[in-house]
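Accompanying notes for the structure given below.
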Amino acid sequence: MAADPRFFEVTGPHSLAVIAEVAGGRFEGDGGRLFAGIGSLPSATPDQVSFLDNRRYVDALETTRAGAVVVDEAMLERVPAGCVPIVAKQPAIGFARVALLFHPPAPRRPGIHPTAVIGEGASIGEGTEIGPYAVVGEGASIGPDSLVEPHAVVGRGVVLGARARIHNHASITHTIAGDDVVLHPGARVGNEGFGFTTDPASGRYVTMPQLGRVVLGDGVEVGANVTIDRGASLDTEIGAGTRIDNLVQIGHNVRTGQGCVLVAQVGISGSSTLGDHVVLAGQAGVAGHLTIGSGARIGAQAGVMKDVAPGMDVAGLPAKPARDHWREVAALRRIAGNGPLTRMETAGAPSAAAGRNDRKQGRD
Amino acid sequence: MAADPRFFEVTGPHSLAVIAEVAGGRFEGDGGRLFAGIGSLPSATPDQVSFLDNRRYVDALETTRAGAVVVDEAMLERVPAGCVPIVAKQPAIGFARVALLFHPPAPRRPGIHPTAVIGEGASIGEGTEIGPYAVVGEGASIGPDSLVEPHAVVGRGVVLGARARIHNHASITHTIAGDDVVLHPGARVGNEGFGFTTDPASGRYVTMPQLGRVVLGDGVEVGANVTIDRGASLDTEIGAGTRIDNLVQIGHNVRTGQGCVLVAQVGISGSSTLGDHVVLAGQAGVAGHLTIGSGARIGAQAGVMKDVAPGMDVAGLPAKPARDHWREVAALRRIAGNGPLTRMETAGAPSAAAGRNDRKQGRD
Amino acid sequence: MAADPRFFEVTGPHSLAVIAEVAGGRFEGDGGRLFAGIGSLPSATPDQVSFLDNRRYVDALETTRAGAVVVDEAMLERVPAGCVPIVAKQPAIGFARVALLFHPPAPRRPGIHPTAVIGEGASIGEGTEIGPYAVVGEGASIGPDSLVEPHAVVGRGVVLGARARIHNHASITHTIAGDDVVLHPGARVGNEGFGFTTDPASGRYVTMPQLGRVVLGDGVEVGANVTIDRGASLDTEIGAGTRIDNLVQIGHNVRTGQGCVLVAQVGISGSSTLGDHVVLAGQAGVAGHLTIGSGARIGAQAGVMKDVAPGMDVAGLPAKPARDHWREVAALRRIAGNGPLTRMETAGAPSAAAGRNDRKQGRD
């Protein structure tokens, strides 16, 4: 399937030689052969380029009609006749560059839409586009070459670095952000934290002032309809390069290291701390005031109630070492008289699976 | 409780004869008797019509003060004296029609609110209402008799069929939709998928271009604050008639069949495929690259990590056949010395419960 | 860390005597000593006031550089030399008042922004601020001294009492609310419920009319991107003082008592009823048509499929008495041969933990 021109820019055709160079790969044959675009293995046509990254799809490679395919050395012999292999060390990255060659991002239209409301003292960087009905608060600062889509709200005093992308309906307040930060539609950053105490006299809840901020490192991406609360007194901090999927909840005072991956619907309770490159698979939860060490991997739907050591793989409710979890799953099946384990019960530890997906291809 | 006229249209009174005809039911007695509205069994008054669908509420039927009640044959003898039974094959559907008789949807006000921003080349069908601050992108197409509520965003090139209802604050981009599609408030459709790969040189994540679309079949309903990501290369496809409850996450390249039911807070990871009429109960999760067969029912909070065969009932973490799951729940209770099972531990399999609720009454 | 003046009001300095009086505490020494602000124990400087509420942080107390600290009697001897103890019965509440002394809420700017759209017959109370691009429907009523932030939508006929705070991008329809109600960004209140039935003729789903409302008691707070559906025939009711964290889902016809605490990502299915002061920890789920008694505490990620008695502590999937749950966790570990329990598996019941956090400090 070619990218739909109603939604994406289209360039080309481009020659095999150019494509291979962009992909950082080598090929044999006619470098002048022209290609019209890219496609997935099952749907690509002879005038399209495809790629294989996930071995799960090697069958699709062997039957693809694509005219060329970006693969690594090991997959070479699986490439069908009539399909030109472009051999690259990092097929996924190579293909990503080829995709951008054919489909560059839509050009920004620098300037402020007449319907946008810009607060006093706000500064907008050069080359930045502010869309219809965007609201930028007093004294806010948005770096150069940024995009603020329709209906986005950037609160009073907020600082966004260069090349920020604030998608439609996202709102961000009480936040200091680095460069290359992305907020997907409906993301809510800087909300008042869920902090209160009970007044024994009245029995009523009294809100604890939430006087901290959110600090987003360079390259942080925040998914659609995510919620990140600002700190109570310290800041809520998201480390550089961290990727947050849709509908994730991050409580006040949470701190994550660099390059963490939080898959959809994960929840991290207040004041917990993650090291670098921690991976939480979908729907996992972390209780409050915990420490998760660098490189730890938390399985899908795991419920973490204790600190997790660096590099540890955990799974289950309550979360425990994944190895123990799967041993317990097997033991329980046995004592229940449910017979030998079938494929369904012996799935690879979810954290491992999640790790693989996240590192390679996100949820794809 | 009568419907609040501040929020709903009110017509009537209507005669028993008209009401029974609309309900597709038969009755005995004075067809000229007038009714003022509808009500629930516990709250309905003698001038109101009610209905019984869920046997769980048969006690409420026997004590209702409603003047008439839509029921099926089997419930006839439970209808109290002084309440006219309207006997219908499908009481729920009959009652739905009677409710619409008394409370039709608010009339649309065809036209474009002066504050709406309509992009170049966008086409708006006849009889369609575009509300305040709605933004419709360039070349977008919205079918006739549609409603776009305040602050909704319809992206560049998006295609919506006839009778679309895009509620306040919903946003939809990169999407081709059929007729009768509904987006509830804050729904996010067409977001960039969570796809990236690691550059071994820098250790940084590199985004994989997300060049697919979202395709919504006729009659698809998308709940409040739901997130549906567009495909990476193939499309994300939601089959006709599928109902998606609030806060559900659907990853890129997911495909669902027709008439699936995804209850609130469900998450489906990228590239998984659902057959027709699959039911996922609340908070269930499905890992990536899996296939769930038609008619399968996934229990509440189940964590699916393997393919599920058509018609299968699964539950638990990891998900397994519901029968096995409940046997394991019982066995574990036994070996823990927790004594005989009580009602709490022997609840019907959540998937079954969910199935009943979903098919009949959603989460009601 | 002092509160960032870009985001928060700043007053002061204030004297120790004034601070102690506001905190409702007693102190010894120079009441004229001036303090510049507040800080957390680890970061506070000698010119700042801090507090200790959670014993988990007593080490931080013993090493703090804060000039004064609000503590209870029991912590007195842990206060380091050079730090003035302000002894209060309720340190958290005392500190909250001190925080408001230094950082009062930003003053409202009564009036309606020229870009706001106010429907016919809508009434706006005195002292209320309506922000840019807010939309207030026909006949809606907003009480005095309220704040409606940019892009908020208040639907036709909605009633909000005094001192309402509707944050950016929140939308509320079909709702009658008391005083002091707060909607955080992106909250969706009054959505059409997930109710439908299957037409056996066509096999299609038919929507059941959702003709109820949402009723919010005084002081209810609704978190960011939360979804609360309106009733089908009865109302959805949220009891006074109930606090709802981010990304929570509440189905149609749900009723909660007073002072309930619903932590992030909780889901409550339609027609279930909660008593007073029920606590649901993060990601817990409640099936439909259930009754949860007053004071019950539901553990993190618990899956409730049966009624829960008042005051009961439950955990696990399916949810059972927490005591039984933890016994089962231990037994399973034993039979799996995973050796003696470690800290990780013997974490206190999540509901208890949640209870402590929620009651004291929310998720902080």
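Order of writing sets the chain letters: A, B and C. Residues in each chain are counted from 1.
Quick note on the criterion: contacts are C-beta pairs under 8 Å (C-beta built on N, C-alpha and C of every residue); 3 or more make two chains touch, one makes a residue touch a chain.
Chain identities (UniProt): A, B, C = UDP-3-O-acylglucosamine N-acyltransferase.
On a predicted model such as this, the values are computed, not experimentally measured, just so you know.
Common neighbours of subunit A and subunit B (chains touching each): C. Interface subunit A/subunit C: under half of the residue numbers present appear on both copies, so the contact uses mostly different residues. Least-squares overlay of CA atoms from subunit B onto subunit C yields a rotation of 120° to the nearest 5.
We define each chain's centre as the mean of its Cα atoms; on that basis subunit A and subunit C are separated by 28 Å.
Contacts with at least two other chains are made by residues 133, 151, 169, 186, 225, 247, 265, 283, 301, 317, 332, 335 of subunit A. For subunit C in complex with subunit A, the touching residues are 1, 3-4, 6-8, 38-40, 42-43, 53, 56, 90, 92-93, 95-96, 99-100, 103, 115, 131-133, 150-151, 167-169, 184-186, 219, 223-225, 241, 243, 245-247, 259, 263-265, 282-283, 300-301, 316-317, 329, 332-333, 335-338, 343-345, 347-348, 350, 353-354, 357, 359-364.
Interface residues of subunit A facing subunit C in the complex, by the touch rule stated above, are 117, 133, 135, 139, 151, 153, 155-157, 159, 169, 171, 173-174, 186, 188, 191-200, 203-209, 211-213, 225, 227, 229, 232-235, 247, 249, 251-253, 265, 267, 269-271, 283, 285, 287-289, 301, 303, 305-306, 314, 317-321, 324, 327-328, 330-332, 335.
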